[in-house]
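Each in structure tokens, the structures are laid out below.
Common to both upcoming complexes is subunit A, partnered first by subunit B, then by subunit C.
Up next, the complex of A and B:
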């Protein structure tokens, strides 16, 4: 038992944080929200760092990393309110990586029928995969818990979890999109209408993809909650009422202490869940299968609660100044609500735990 | 990052499990806060000690096994999952011992630790006073040096286990002119000291778990001074970090309780109305486990918990209370039944646990004080 983020992992996350601090400032985020356009060149820079290919093997030109690194990057994405389909694309890449090299995926799901289906498509898959990890195309998956594809307006290809046991892969021209408007402006949740067929079926494991997405969203919740807390701490130190800074008041202190407790007790659980996913094949599959689900669900439930609490107390401790779109806090609050509610909210995951207790 | 237990750790777990399986008393012991239960729990400590399990994380020379923090966390998981008796000497082992390891002289370590490990001497904490609770630095019990002795006058209170303990660990004012954090000393006091009286009184559950201590010209030998005279505050603060962090409450305790809660739900509630709450408590008990393994890694690489111990204390104490309160809710009209009632569920263990859990947010520094510490020392908010 060695519960420690390695120095390499930390360096990788720090590099990503520096990139986002430089290229995805709150001004950049505001511009992206207001103009409805991605931050210029940012996706390219993320790709240059290798962050789009964490789940691709080194032989395939990727980084060959795991869910643990994914969680660390998603935490940074949350901290920066990154207005990009980063989690969605990363999960989609992981699905294709699993299909192309089954050893990377969940061995349980590579069913015989799945193999047959894969053969129909396999000629095009490597090319699509290569483009996906080199920023040429954006992939977005559905997840088994949602009708919508996040950032559907940005996707070139969709991986659609038609049934719980496999995905279909369709190009955007082959589907009809019904894009909605989200409170978290850049997300554009999109309903995808499509005709599934033998030719579009590619296999893959929607349950595994869902767990990856849930851990990623949990990490986004952590980063978002931490940013909300840090911003609010700075604000209540500066803001004066009754001749003293608001942060001297115990009522305010205790709200923020509760947020800190909530984040600090969710974070190791998120890393542990990521590790369980990364090592699911090493661990004895029969014995641990349920444990992986439970680790993921407790991580997402607690991280969602931390994000919601952070958003609530950030607004309360700022007061009216944060109840406006002119204050940058609104980007993180909205991201918190949405991330907490996506890839299974707290209630969904608690139910899943309950069913396996 | 590798969350797999090593072969050695697994072997350790097996060994603990096997020993507990063979040695746990067939019948639950009476409450350790009764005269009879106290002595039976002392016997249990002796049994643990005889096979090296009373203080597995201590050095061998004092009766331990030199096991790692991770192994100690494993020990605690197995211990609480096995329904083993409560630990009557927790205050000594978890709160005082770390301070003795840090500040005690060789003589003190040799004299005190082995007898603590064996249960021969059971310790109680006597810090609070009628007018010094959360504001501990306002304490006024005096201990004036007189040759080789300190002469104590004053009063301590809320002394848990104080009714039957053999020794007390106290903070006293050795400089009568001093104020606040200055001039305090950390003093160990034998319970049979002449001039020391204890008045035992009932806790919320009615058991004689608390005592008040009165010192009237009580003489304590200076060999019982822990750390330097006048440095008591610094010495005491080293203990509070142990008290709030994982030393006092390992996650195994709450993991076992959460598992029992899930079983209780299966048995009593067909409607599923408590399912989400149970799952939430279960998830929190596992979250605390990961927090502790992460803290163990930090400690093992030379780091310190510092004020994050305050976050842990708020978390586990509120989790414990939430857990026990939910169990009572499920028990419905049997929740109120006391030990000895024919219909009491499992001899009213959930009610006992609930009453015990109610103290959690108060002892070891109230949760309000902890939140102040978190806000000021972790978040950096201004004191005034």
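Up next, the complex of A and C:
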């Protein structure tokens, strides 16, 4: 049995990291925040690499990959503080992929309930899907546990989980948007007002989409936490007090060791949750039904805690400078706080595990 | 047109390297990656193949059969690769490297050979011209731009003051200056496709090379000593007594900056 990340998966992640290091530097992120605009050409480059089509089948021009690859890419997105709706769009593409090719995506709960598979009325769905995997349009989904859509200002189409059993697909002109401010400024959380109808219902599996979003957000938490730790370790080596690096003091290094432990504890859980999702049909069919939800919730709870701890200790170990907008650390701290709370926070997921026992 | 690109797989410069105490050469035990300076040659070749038609073949050598860096270049879009892999290659110097690569290149029968100007881990900068000499082909160095024009190539050759416009009949060897093109990132599809692209491994016996010409035995270069770079001396601190600006200007004049 293959327990390690494969060489191809490693190369996907390394290549994506190289792209983001070159095109999504902290200067680029700062400019994007300050100007309220996407980083020029970045979405195009992400699309050219193929990262928008991981859930599309090879027959549909995609890569036919799984949640494992998604998690690896999201970890890199977190490390770069990518100010783009990458997770949201990826989850939305996965929903459409599963609607268009049911074998790709619907979880067992949907398959058991035939009435929940809705015959969608939107003839343009294949065209919308094709445009979504080739960067022409951006999709944003709600999740069943939140009223808000992230990056609502960027979306061309919304996939709205009207009830736990299906989505509605609406173009931005057909909805009313109420955008809120977020501390993670580019996110623009948006409440979407819309009139659901038979014509807008497209089916899909909100429970599966939520699990994918939670694993993706957990991976973003991991990447963010690792970046915060790496940056802070460098800082405490350089910063000197009383003639020595502050990092040599136990009060500092123990904090950072705890962050490292927290990340290393969360990481295999996130990869395991991604693997559970990728193998969900086999797992749900066997004696371990319900394990997928538990794996996802364990991962998100641990990764959220790691991100929150990393942000807290990075701030503590940097001192007051980290509070300033001029210091780049604030992008990652704010991303950590938001990612830890999106797609269910630690308490939500611990509660979900508790209810399943 | 068939374009061959010489590529080297080197230890990741992002990781701290170490030297072998006995041979004073870089240890190459871990994963090897595509040398960044070769990525420019690969990109240039892919652009030429796109515009003029043709294919790109990679040629490399490594003692331990490592293919990771070649897979990256295949993922960028090269069609195939030849890897000369043989334990006897351990310790090969620049001329020995050129002999092996020239022999491997002959088997590919290219119309044009591109190389980097020098590798990131060796910096001898002599291999491209040695290959050209061994093949008895013309060679152009430091190319910043290449266009194919029938049976010749037009090259803008970077110099200290600008560039020369040079024409050279094919087949020929052209070394490409780093930074003149932006190497593409491999696409995920390219990474998946690279697995099924032909990667031919050859030994020195396959190429008819005498083992005494390569490796430690054949090396004409010897690393006699390796020393730490001297620590930078502390700069001069000027206390301003009203004339600091004059001292700074004098310093800059001395440096011929102003």
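Going forward, the second predicted complex is superposed on the first by the 337 of 357 C-alpha atoms of A that agree within 3 Å, B and C clash if a C-alpha of one lies under 4 Å from a C-alpha of the other, contacts with A are read in each partner's own complex, and residues count from 1 in each chain.
In this text, a contact is a pair of C-beta atoms (placed from the backbone, for glycine too) under 8 Å apart; a residue touches a chain by one contact, two chains touch by 3 or more.
If you're wondering where the values come from, they're calculated on a predicted model, not measured in any experiment.
By the touch criterion stated above, A:177 is placed in contact with neither subunit B nor subunit C.
Residue contacts after overlaying the shared chain place A:19 against subunit C, while subunit B stays out of touching range. Of the two partner chains placed by the overlay, only subunit C lies in contact with A:63; subunit B stays clear of it.
In the superposition on chain A, contact of A:125 is made with neither subunit B nor subunit C.
In the overlay built on the shared chain, the residue A:49 is in contact with subunit C alone; subunit B does not reach it. Comparing subunit B with subunit C, more residues of subunit A are touched by B. Looking at the shared chain after the overlay, A:279 reaches subunit B, while subunit C stays out of its contact range.
When the shared chain is aligned, no partner comes close enough to touch A:144: not subunit B, not subunit C.
Within subunit A, no residue touches subunit B in one complex and subunit C in the other.
Those residues of subunit A that touch subunit B in the complex are listed here as 1-6, 9, 68, 229, 233, 236-237, 244-245, 247-248, 250, 252-254, 256-258, 260-261, 264-266, 268-269, 271-272, 275-276, 279, 282-283, 294-295, 297-298, 301-302, 346-347, 350-351, 353-354, 357. Within the complex formed with subunit A, the residues of subunit C that make contact are 68, 71-72, 75, 185-189, 191-192, 195.
Taken in their complex, subunit A has these residues touching subunit C: 7-8, 11-12, 15, 18-19, 45, 48-51, 54, 63, 65.
By the touch rule above, subunit B contacts subunit A in their complex via residues 1-6, 9, 70, 262, 272, 275-276, 278-280, 282-284, 286-288, 290-291, 293-294, 296-298, 301, 308, 311, 314-315, 368, 370-372, 374-376, 378-384.
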